[in-house]
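All remarks here apply to the structure that follows.
Chain nomenclature is as follows: A, B and C, assigned in order of appearance, with residue numbering initiated at 1 for each chain independently.
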């Protein structure tokens, strides 16, 4: 990619992307650690995840400020403009992904009798998938790669499938063992959060596609 | 603290100070030289003007004798219709005005004095009466010009025998140098007491009119064509070089040209303002063309573009926009050209405008002479009277030049527009 | 040359949600250029340009220095005729008539296709005479009251009437830069043109004067076809509905302004407008 004649503009954009990349990394780790804490019942780890979410919020504020500054001072056009607008929106979405991870971590202390629950073994796999989606979509953002972004979108179906099976499993568990309802319900929320993370990763993928090509991927319902 | 000061002024070394001094000295020297040049020029100019004025003052005066004429004793009748001066003068002559004047002069001045009255004096009396018939009643005092001998004697030159007479008459209040308005109304004459500049002045005016009428339109139109329409090729370059060289050609060559061409076409108009004007127009035109081209070149293309963009045709652009803006420059060139033409003698010599012309020209085809020519002719004369007249004529020429330039500068300032 | 693809309906293609004015329906193009080359002597300054200019839109020409946009603009009203070595091939039509045909009267053409220049160039005459000159030489006014009316109408349309109505006999050159440029626009309007060409009209003006001129251009849109050459992409973006990008004498891209500035089809266009040029 040819550089801008005004080098400082390139530096600004690089910094912005760096912030987004940092946010993505933090969100990915948050998801993984939240699930780990959940499976192992590690309340300390869970507390860490909750605390670290503040960092993600701060980064989002910084991304906002920087994007607005670039809009005002650099008057970006065409692909630069699309990139800045995409960065603004992606920042907000990643911050929400982080919130979901925090939400999962918060539920760690409320689950009892973990050995009973079969879904507890499924959830890490689902979480892995979601975290991978987040990781890959941010890689696609860094590479301005619309093909990769589209590929991430397709993976959301798998996450949804996971959610459906976990849901059925938990419901039948609850029907059979009414005593476990409150814990099971927590797990239901966790699964729900992960499914939402997958959806948000899809949103980010659409932003990436738009930033790179100027169009949204057609076969998606928004 | 000192170090800081040193750091702030690292350049004020001794070498630097020396250079600074030299530079200031050079600038002062330059200013002094410029001032000196201006003062020198002013001094020369002042010297010229003062010398001319001092010499010329005398030329505006005329030595005259006081002669009272008693028309009651010797009446004359003036024709009722005084419009034709010649007829009135003739009728007075027939009535013996000449003798009346002689008689009155003898009465007033004595035999010797009367003999010094100019022989044409009676004619002046007749002309004055023709202009104002009321003078032919009662006793009138006339100041009559002396003849040249007495005038020289009174001035201190000329024959020694007349000097005592002159002193005597002056002491009696009968002889004086009076301001001579008539100098500006009379034409050339053999007697310096009767000579005037009007003939030459009118000749100059007529010649200048012809020159301007020919050189200005032709010069301006040529400049316009060369700048606006002519294609940029070898031919136009050749024309440009030729015109530039024409401006530098010695003026006497134009006289030869006038002699060969104009007098061949109009042989009977030798010495006429028409021929003189045409010859001088040839000389003035290149100057106007050069100045005109520069003035037209100086009009910014943005004005032309603006006019074209509004839908003006090329001719309209030139006459509505370019020419008005170029006019100050063109007028400057015209002033320079006309001033040169006014003072030219050599080319007019060749076409014969050096004749002795005793009456002012009536039209463009009458015999005439011009101011510089008159000065040249008078300066050749030996009579002392003509020396003073020459200086006076030079003053008249200078004043005429000033007025012409003043008019042109006024016109130029009026047309000066800011763009 | 590539046309950015758009449909005119804002709903069919939500990604190209352009500003309303870009989608106003247009009639036949007012001026049509096909395969136009412009030469200065042997040097080719404009190469094979095809473009349509509509009365309904303001068209902006953008491009780096020396790309030929001013040259092409001047070809539209035959101002290049004043340069002896300039030669134009191809066809440029105004209302279907070839303006370079031998029967076309250049003087009349320039009254129909007016021009405003980069540096304001009012005549060194009074404000009144500046405006009145064009109508006078074209015989547009028979009586003095008619002329007065044309002068007032032109000054009003140019947004200058209120500021100068009490001093119409003052010199045109005594006005401020922005006022002078509006005077030049009024002068162009006075001869009732059909198209107004503007060659970087605001580059000599401060931002406030520039904004007033841009507002004026927007008001004149639709009544006169306006083509504006500009160095400022922001100005082209603000003021025009169609934008043409020129590069080294070629017309690289021509399309809706919002498309050109959010998602141009050509890489060269994108490089230029994002400042990656050179």
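Note that in this section a residue touches a chain if its C-beta (ideal position, glycine included) is under 8 Å from a C-beta of that chain, and two chains touch if they have at least 3 such contacts.
On a predicted model such as this, the values are computed, not experimentally measured, just so you know.
Closest to the protein's overall CA centre, chain by chain, comes C. Relative to the C-alpha centre of chain A, the farthest chain centre belongs to B. For the pair chain A and chain B, the distance between C-alpha centroids works out to 103 Å.
Here the CA centre of chain A is 50 Å from the CA centre of chain C.
Centre-to-centre separation between chain B and chain C, using Cα means, comes to 59 Å.
For chain C in complex with chain B, the residues that touch the partner chain are 77, 79, 82, 84, 107-111, 114-117, 119, 121-124, 133-134, 137-138, 171, 173, 184, 187-188, 191.
Interface residues of chain C, counted against chain A in their complex, comprise 15, 233-234, 237, 261-264, 269-271, 273-278. On chain B, the positions that touch chain C within their shared complex are 231-232, 300, 302-313, 316, 320-321, 325, 417-419. Contact residues on chain A toward chain C in their complex (touch as defined above): 2-6, 9, 75-82, 210, 214-216.
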